[in-house]
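Chains here go by letter, A, B, C and D, matching the order in which they are written, and residues are numbered from 1 within each.
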């Protein structure tokens, strides 16, 4: 049955396979010699399962798709303030290799253009370029779930021909946006662009972002949620160069492409996609890669601004288990809007009840604000001489680190017994 | 207890109340005479409940916040092709009243700048400017859930002084981007900008978008989901002028501001917010309005790229109710990723089972792709001599219009009885 | 013999006659219906003599070539300060019909783009558009030396289709750069563009500028020297749109072209040229017109930065006509450098002489600074007990309005007699 | 008496001496330590005489004033085609150290910005950077008339801090606009900028351009006329960065400034000016330097588009020295317009005369086109059985290399005798 999904991917690949639009990047000979017909798509769910179609074993260099990852690593290691002082978050319509800096601050406009990416590479920890690169390679490998390697031919070739990037590095230094030796920062960046990946590696890296910074396969947390949120925001507004508006309108997933032919997209909370097709359009994006993403978004309903839900209540059922003791069964996401609804309903009922039991075993997700709102509800009941407690057998809502005074039970029965006991009934 | 949320809003307003940063718009006298201290925030949930804090009864002119709504109405009435031929979807860093058109097509870059908004107003149906304006006013009123009115003083004043907009209208005509009389299109647009709203009206209009085009209060569908998705995409990339990257990074909700002091933000699927504070910053955005949005996003966890969920399985439980008959209880969103997981799990189990009963009463949301995947699963089971059916008492998944041959029951017991009967046991 | 020059012109026309590069302006039907093969060049010397070759009787509309003339008239009538407050003098690379205003002042960048030209038209004296236009028509006619007329078809057609210019006029009003009714200013400008001229009219208008504001034929002064100097400066830096650097390098004469196919160039002090060929290049300049100007400049040595002169002394001869009385014969231009040389030479000789007689009948040109330097010389001699006088039979140097105490004679003999008499010899 | 001019300069310096507007360049320490009060102006006539006022012995580094000279040298040595393939001639409004290249060709916009200047330095002949620099230093010294030297401190300091220029050099290489090692080209450019000059050196270099490429003092020809013409054209349109239009309008002389505080202007055919005052305005131009140039232009009437001449005829007198033998005395410049007038007049007279004697000892200047026109006149007379000859005692018109068959005499008498003899009278 899962072959249904497999079939979707196969069909989409088949639809676009014959397109020979676009052409190979040729600014270094190594990129111009790859097989132009290479075509692959990989999709990883956030539980780690991967679908693959096409040449998913083919390795290619990651190129600009490295940019969001090194940016994320810089945020993680150097902190938001240090990074924000050097790299902006505003889009620019210009091509990837332009020197595009803020008119006033002289900081590169964002981390998705070369200037910002070189600045990000310069912020890696480590006293030597080698150490700084190891830091990057280890991180990418942790995201991809396997040890990645550098394509030494591509690295050497780009290093030999990269006078444009050298210009950018020196320009950044002249603006005070790059400490240390520009050639060293450039070397780290050039190496990072030459790391070899497959479409499946990209899908795994994407779903690490989709899962908020945790590798779905290994379970390892490699980035904080705040860093992922920022990285996805920048990918969304700056990742596809001058077609941002069109991409957000038609695909609706944060994405990043590379001149090696790779393209990576993320549906936050859901999945990650990696595509490979080396023929590029005029803006340097993979032609078939972009088409596949458009098809996937439309066919599978992946646009992140799609609002399909018909607004079901978080309260799936209520029942009185004793006089004045009402159980509320909560389902779905217990975030701000869910918690708000729960609070409001309980309040409306409050004349009739003395004890509120929230049964949250059906809850999918919760966050700090919701937890703090539940704490507020309990406090509010207490002040009115009433009581609230939680049935949360899997500790979905009250995870480690939550307020210690919360009253939590594994079953409604257990909760009811305790309540009746406490209230002297 | 719901006063907890009320208190959040009150606190956020209190925090920012003393700020006197920014200044009133003064390009027409009427705007310069409003009380600069006016301050209000309204928040509407998608079930229609509204929180209000501050001067939520104060009326002000909607100004540029009208732009996404007229754009949406144009898409709805004239269709995507007709609108896309006249108005782009790419951001521009320029100020709201610049003539910013695509270099090649001469179409305004997007509908959030005046040029694009005037073009959108010219696409309204109706043979007279009056008829076209009525169409707009009716639509805004339907979104806000009350009959809105024009501030005639502001309208007349803007009409008398609007030589810049007149310039834009004639420029559009010269580019072939505006049919009919430019002065008439401009009149419609000027009137639309002078419609009076409160912060609560804005919150209601926002939550109509948040609910995918259905007014949460009245339940009336005023826009299709596809139009809402496009409108939100454009608001996100173009709505806050030249601070898009910063806004997406720090607030993470599609938004639109107006020089009347209003600001509207949408959290898709969740809620809509309207803020009012008439002092503007240099880019024409409400100073305190933007601060309130930042606080709300951070405090209530509203950033739409926030990935808090720890990836719970859509399959909450399985149980065998007879030999070879397994029930799968599904919870949460049954979209592509949920359906994929269900299919995959059933497939893995398929050696052991003959009948699959999906219990979907705990499902919050589903979409076409998921339904088609379930149909595929049933077909796949059938080909293997097996069987699949659905327990969907509320018809959450199989709504009207779904495939008629689906086998649906109200309870597991009912399903089991039917299955055993069919299989001759 | 003068047929030599005629032959030059005929040859240059013959060389370029077969070129069919470029295409007719087509934004109004009237412009698209002219004979594309029309080709003419006229050249007027500053003594009024005119050479003509090709279709010099063909009339066409002046279009943008009107811009420097209305600008000059505005400077003459409204004064430099009033005009400079509304219209800049900086070049812009943009096309002629862009709205290009100074970022800070909002004044149009220069008077050679439509925005600046409409602003200039609005500065004409007169209480009605008709009066303002009459003022322009009279002035152009005075420059051309015949009564010019409007092509009413072109005027009406441009008026009907000119929404771009209307946009510009309203934009200027919104910036506070245009007083009164924008439609009226536009009407004056549209009429001015539709005035009919021949290549010979353009040559006459050009040589009126070449002669510093005096019509070479009629002798009528129509502009002051300062206005002409400014107008030529703006033509030079802004007249050929985005090919200024190339034009100054290769042609080296201030110029202006029009979409009607005309092109006018000025060699200050020397001559004016008018060319007609209606096929335009992508920037709106006459293709063959530009080629003819390049050929004329190269062939006839007309580049204004050409420095061929081998620095002859202004003092062509000296002779002592009595003991201590020396006559200096001056030839050529008596401007600053000539006067300086005369002063220096006299000073070097001063030990030997008591009386200096400057014989200036060979002087071609002089200016105020030179006259004041000669006055200084006379004063300096007087303080040393010596004497200086002028032999200036044609009043070339000491024109009306010069210092009344100057001692001027018609012949050296007359001067010598007077000097000897005064010195009691 | 020549002290009159001296006094002009002293007065102008005195007027502006107290201005402390602007500030020292500080991007390298050496520039920030100069005496900010230094102030000097030097003016050299094309006969080699120099006026000086203020601190004319103070040495400072030439900086960007080197740009037109290295550009000229590149044109002279590498040829127009080679240089034009690498460096454009179009102005750019951007600051001197921006990377401003043509959108299409990737060639630097012009030679007055750093990118173009580095490209020009890379075109010097020589197999080593040292040889290429020697070539430059020798040329500058020949222009200045003394052996110039490098300020080693400034050179080393700029070399150490010049990451911006390094960026530019590598960018040029990446565009294919710079052959060889970018660091070597940069070293030559950095050295050239550190050459020390005085205001008088600048005046001498300027008047070398003013005299068409011949050092007025030494008489040495260092550049061809065509190279000078091009260089002056580029200085005029690109020399003063983003104030070109204002400078051409108000000063009207090609100019170039440097951050060392120097400023050089050229009045073609007349004089060269060097000014020194190290406080700079925001655009990097010397504040008092620019003021002095404005004052000099206005006070001394130096604007090159000033048309003061009242159009005197080149034919100052005619007389018949025998029956049918007419002498025409020509005065002033015998360029195209003068020759044309002579031809035309002779033609009008032709019914009455058989022999034309042109007396050209009063001619100031002539050029090839005029000579060829006189040859045409002679040929034309010959064909009509008539005769033309020249009285040119100083060989002003018929210099070496002129047509050998020209009939030239030293006096009218000599010419008449020969003519009568030939015609058998």
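The criterion applied here is as follows: contacts are C-beta pairs under 8 Å (C-beta built on N, C-alpha and C of every residue); 3 or more make two chains touch, one makes a residue touch a chain.
This is a predicted model, so every value here is computed, not measured.
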| item | value |
| --- | --- |
| Chains touching both subunit C and subunit D | none |
| For subunit A paired with subunit C, centre-to-centre distance based on mean C-alpha positions, whole Å | 66 |
| Where subunit A and subunit B are represented by their mean Cα positions, the distance between them in whole Å | 22 |
| Averaged-CA centre spacing for the pair subunit D and subunit A, given as whole angstrom | 63 |
| Multi-partner residues of subunit B (each touching 2 or more other chains) | none |
| Arrangement of touching chains [line / ring / star / complete / other] | ring |
| Every chain pair meeting the contact rule | A-B, A-D, B-C, C-D |
| Complex contact set, residues of subunit A against subunit B | 1-5, 45-47, 49, 88-91, 93, 110, 210-213, 216, 225, 228-230, 232-234, 236-238, 242-246, 248-249, 252, 254, 268-271, 299-313, 316, 331-333, 335-337, 340-341, 343-344, 346-347, 350, 362, 364-369, 373, 376-377, 380-381, 396 |
| Complex contacts: residues of subunit B adjacent to subunit C | 99, 162-164, 166-171, 173-175, 182 |
